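What follows is a set of structures for review.
Two complexes come next, and they have one chain in common, subunit A, joined by subunit B in the first and subunit C in the second.
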Partner chain A sequence: MRIFKLIFKNTGRHKLRTFLTILGMGIAVMAFTVIRTTIDAWYAGAEAASPDRLVTRHAVSLTFFLPLSYADRIARVEGVEQVSHASWFGGVYVDPKNFFAQFAIDHKSYLDMYPEFLVPEDQRQRFNQERNGAIVGRRLADRFGWSVGDPIRLAGTIFPGDWDFVIVGIYTGAKENTDESAFFFRWDYLDERLRREAPIRSGYVGTFAVQISDPERSAEMSQAIDREFRNSTYETKTETEEAFNLSFVSMANSIVLGLKLISFMVVGIIMLVLGNTMAMTARERISEYAVMKTLGFRTYHIVGLIFGESLVIAALGGAAGILLTWPIGNLVKTALGAFFPTFATNPLTLVMAGVAAMVVGLLAAIFPTLKALNTPIVEGLRIVD
Partner chain B sequence: MKQALVRLENIHKSYWRDSLEIPVLRDISFDIPEGEFLALMGPSGSGKTTLLNLIAGIDRPSDGRLFVGEEEISRMSEAELAKWRSRTIGFIFQFYNLMPVLTAFENVELPLLLTRLNRAERRKQVETALSIVGLGDRMHHYPNQLSGGQEQRVAIARAIVTDPDVLLADEPTGDLDKQSAEDVMNLLGYLNREFNKTIIMVTHDPRAAERAHVQRRLDKGELAAA
Partner chain C sequence: MRLLMAYSWRNVFARRLTSLLTIFGIALVVFVFCAVLMLSNGLRQTLVDTGNDNNAVVIRRSAQTEISSIMYRNDGNVVKADPAIATAPDGSPLASGELMVLITKTKRGSDKTSNVPVRGVSDKAIAVRPNVAIVEGRMWRPGSSEVIAGAKVARGFQNAGLGEKVRFASRDWTVVGIFEADGSGFESEIWGDYDQLAPAFERPIYSSITARLKSPEAFAAMKARLENDPRLTVDVKREKQYYYEQSSFTTTYINILGMVISIIFSMGAIVGAMITMYASVAGRTKEIGTLRALGFSRLTILSAFLVESVLMALVGGAIGVFGASFLRFAEISTTNWDTFAELAFSFETSPQIIGSALVFAAVMGVVGGFLPAVQASRLSVLAALRTK
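After this line comes the complex of A and B, so read on.
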């Protein structure tokens, strides 16, 4: 027990240095967890995807629309249970900084196909009745202080002009990773105005959401749908909802890769911080280790002392970093909430951070331990002299 | 005639600096009987501390044989030496070498952590050792709360707490004022007299050396005639 006591007493010997090391480690571990959480948030949309839904879009690019008439032809493909559609609107609410996703949807079918968006029945009925009605996510409503009945004006970018809506419903997510920051309104409201102002753009939608009976056949059915429109003016590309969502992530692949690299560099920084402290510590205590060896303490005692101290600092730094993750993560969530539908730290990330801290604790102790063990006793005692 | 506790046979010790051999001890042979109080004297660089380190088993001779009791320590492995030191040798350093983060009690208790004694037994032995050196009332003081003389007495308590056969002291009064040095030498004399401890002491101090039964002089790595 005295050996453990000695480890703890040694840890607190240079209080400022130990505190700064723990603080440095804590900040680095926190940076690691927040970066990993950001990466997870990037993939959250893909993870929230349903396996029984496909997305059909223009084969060339998402920026090209598809004729609404395709819905019936897709619905006729064997194995398709239901078809709906959604079109990216890209409007601006007051200021371009107030970014959030807006979709013109088929009000009759879309919410049935996405049961993860929970809308009270009365609000859903009102959505069906009011042509300019909109349903918004709880987080989005909270962000701007919106409530049911509020009028909202969006400035169109893809579809020019001012667009007025009334919030008729607020949805919540059925799952933790459900996006609660979207703004849905009726496609027929959009199309009605396009018919008047830009008839050439009327009757088109951005993507079709296709519900299939057997998720196992998703690849085969995607090919069947695309075959239906091969050699047409508007060829399609159909893929699972997960693949579709991942295609957005892949657009930012280099950013995600960069973040991943940074997260591992952070682990390297932790190691340097702790390694430096342990190296200084061992160097200062060479004479003490020599005295202990003179008294008869064995190699494993010295190894235990140095590794023990390193692990204690690593554990405290890791714990500090993990505790810091929540307040800092919330700040990041507030700042980036518009871009990430969900921003929750995965327990696995915390486990990874804890394990990384302990591994770093072990690695940082290796060289100081070798130094302490390889220094002959008489040489260590001479340092005293 | 007393039986030899420490026996040195043709001990040589050299250090190497690059390819240059620096002889430190040459052909040292002598016996130290059990219960002896020996002072090793000589000018700086004469090899006194090296000889003490060899007897302590913290350094190895380049040649020759070294026996302590029945055991030839010059042939022991590092692990065997460590175990042997913990039960046979008590070492007193010039600069006390106490752990600054441990109290006097905890410092003295350190060597006992290597034994199978339980907590109560350890406590009893530590208290006995500290009372022998006259520091029973300073058990919970940290080294920086003690004077140099008191620190050295704690170090002596640490050296005797395991009841070793041999006490080795490297300039035990070298960092002390006159009165403290006198106290430490009285204590070593007492340990030798009352507990029959064999003491081998390296010193520059003629007054300290006078307290020993035997004085041996080293010069340029060779033992001067007794």
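After this line comes the complex of A and C, so read on.
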């Protein structure tokens, strides 16, 4: 047991150096978890997808719309429980920098199909009654300081003109990974104006959300829906909500890949910081180890001492990093809030960070240990610093 | 001063392993720093090069991008009649009314899909954009289901190569030519005949009109005329400005993320440098005492250690910049979120990037070396000499 006491005493011998090493490691471990969380944020949409929902879009690309009349035809496909629709609006709130997602939805069915958006009953009633009403996510409302009753004006990019809305509700997410930064308003409000100003664009929607009774049959059902519209003017492409959301991640594939690479480079930095300290420590203590060997300490004592110290520092550094994740993660969340609907650290990431720190702790001890063991006692004793 | 520099420089080599580890740490940080700046610079450069100073782009007011812009064909004729627009030898205006749509296609060598911009162009398209040239194959024949593909699309997407058939809008289109455009954003597009594409996509509209100006100075007058014309609701932008704006969302994302990562990384490297410098001071206590006894001032000692730290950081910075310069050979292809379309570009370095990377490295050296250097300069001569 006494060896542990020795390990802790050794760790405390160069207080400043140990502190700096722990700090350096902590920062690097924190960088690892924050970058991993950023990567996860890209996949959040796919994670939050429900297996019993399909998305039907125009076969050419998302920028083409489908006729509303398809809703009834999709609903008739066997195994379809419910059909709703959502259209990307792409409006600008004051400045293009204030980007957030806006969807024109079918107010009668959409919120039923997406139970993860929790809206108080009275606010939902108001949404059903007020044609220009909008329901916004909690995070979005916090970002711009909106509350129920506020008038909001968006400048349309896809649909020209200024569009006025009134916030009638604020929704919260049922789960941690639910997107709380979207802006929903009624599609009939959009269509009513299009009918007046651009009649050829009226009666179209961006995507259909299709709820199916049996998630096991999603592939088969997707084909059945697409078959229904084959060779029509508007051919469709139907896929699971997860696949639909993943297609956005694949668009940014290079950036996500870059982030993954960087997250491994961080582990390299942890390695350098700790390796540097351990190398210094071992060099300074060569003569000491020689004395210990002379006194009868065995090889495994020396090995245990060096590995023990390295692991203690690694553990402290790892812990510091994991603790730092929350404050720094929140800063990043604020800075990049517009880009990510959700930003939550996965517990697995913390485990990975901890494991990485310990592995680095082991690796950093190898070289100094070899040096300590390979130095003959006489040689070690001869060193006078 | 020469002596001081030599002393610092040699000290970097005195403790090879720790110095090397520190230098390598700083190199890694500078590498990431450079990579991020080069990435957003490359994206921006590609888009800015797409534009031409002599051209103006007309899109529907507040549409921001061609994808969401819709102008009726009559409006197009009003725009084309503007007196600021240069004329072709036959007297017709040098302006190309174009349709821009996105099609989702599968990338080569994977099952991942992305959006490819398809541009339906007029016969003036190439006259308006002198940097576009067909390098393989030929131009499409009017009235046929033929298209030409930008070199980067042809390389990056399935069925988009020369002679292949790419399917969209319920038709098969034969790729009869490959074009290049000095590495600009056009190389990420597929071009076809407007008169074929507009009916095929059922979009009998213009997304944008690109016009060659009689002179760059004519722009302001043209902008005022068209934007105030009661028959039109359009925005008129210089082509360079238009494409520059299309890089804002993605470059902002890359820059914020990159800066956060660089700053966090740099703190790690600074701590590394500090550890090394403290050890360096501790190991040379006696030496410092001797130097002080010989008459070197505290300030000189402080400078010597600071210079040592900065030298180390600069070596690391140079290695990082050198390593990052190889990234220029990599081609990146990602979705530009401003346009929702796939854009191929490469890491692009610039003197400013190299400069700021080296300054960044030097700052890490100063910050990391300062406290240890102060400690060294504060040692009392007697105490320092007495250490064994």
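Rule of thumb we're sticking to: the second predicted complex is superposed on the first by the 382 of 385 C-alpha atoms of A that agree within 3 Å, B and C clash if a C-alpha of one lies under 4 Å from a C-alpha of the other, contacts with A are read in each partner's own complex, and residues count from 1 in each chain.
One rule holds for everything that comes next: a contact is a pair of C-beta atoms (placed from the backbone, for glycine too) under 8 Å apart; a residue touches a chain by one contact, two chains touch by 3 or more.
The structure displayed is predicted, hence computed values, not measured ones.
Undergrad: With both complexes overlaid on chain A, does A:99 touch subunit B (first), subunit C (second), both or neither?
TA: second
Undergrad: Touch check for A:378: first (subunit B), second (subunit C), both, or neither?
TA: first
Undergrad: On subunit A, which partner touches more residues: subunit B or subunit C?
TA: After superposition, C is the partner touching more of subunit A.
Undergrad: Looking at A:30 after the superposition, I want to know if it touches subunit B, subunit C, both of them or none. Which is it: first, second, both, neither?
TA: After superposing on A, A:30 lies in contact with subunit C but is clear of subunit B.
Undergrad: Does subunit B (first) or subunit C (second) touch A:6, or do both, or does neither?
TA: first
Undergrad: Mind working out whether A:151 is in touch with subunit B, subunit C, both or neither, as first, second, both or neither?
TA: Neither: A:151 stays clear of subunit B and subunit C.
Undergrad: Looking at the overlay, does A:288 come into contact with subunit B only (first), subunit C only (second), both, or neither?
TA: The first partner, subunit B, only.
Undergrad: Under the stated touch criterion, which partner chain does A:328 make contact with: subunit B (first), subunit C (second), both, or neither?
TA: The answer is second: A:328 touches subunit C but not subunit B.
Undergrad: With both complexes overlaid on chain A, does A:203 touch subunit B (first), subunit C (second), both or neither?
TA: Neither subunit B nor subunit C is touched by A:203.
Undergrad: What is the shared patch of subunit A, the residues that subunit B and subunit C both contact?
TA: Subunit A residues touching both partners: 384-385.
Undergrad: Quick one: in the complex, what on subunit A touches subunit C?
TA: Residues of subunit A touching subunit C: 16-17, 20-21, 23-24, 27-28, 30-31, 34-35, 38, 60-64, 90, 92, 96-97, 99, 155-158, 160, 231, 233, 235, 237, 247, 250-255, 258-259, 262, 265-266, 268-270, 272-273, 275-277, 279-280, 328, 331-332, 335-336, 339, 384-385.
Undergrad: Which of the residues in subunit B come into contact with subunit A in the complex?
TA: 50, 53, 56, 58-59, 78-79, 82-87, 91, 93-95, 97, 99-102, 106, 109-111, 113-114, 158
Undergrad: Inside the complex, what are the residues of subunit C that reach subunit A?
TA: Per the touch definition, subunit C meets subunit A at residues 17-18, 21-22, 24-25, 28-29, 32, 35, 39, 60-65, 67-68, 101-104, 112-115, 168-170, 201-202, 233, 248-249, 252-254, 256-257, 260-261, 264-265, 267-269, 271-272, 274-276, 278-279, 332-335, 337, 340, 342, 388.
Undergrad: Any idea which subunit A residues touch subunit B in the complex?
TA: Touching subunit B from subunit A are residues 2-3, 5-6, 9-10, 12-13, 287-288, 291-299, 376-378, 381, 384-385.
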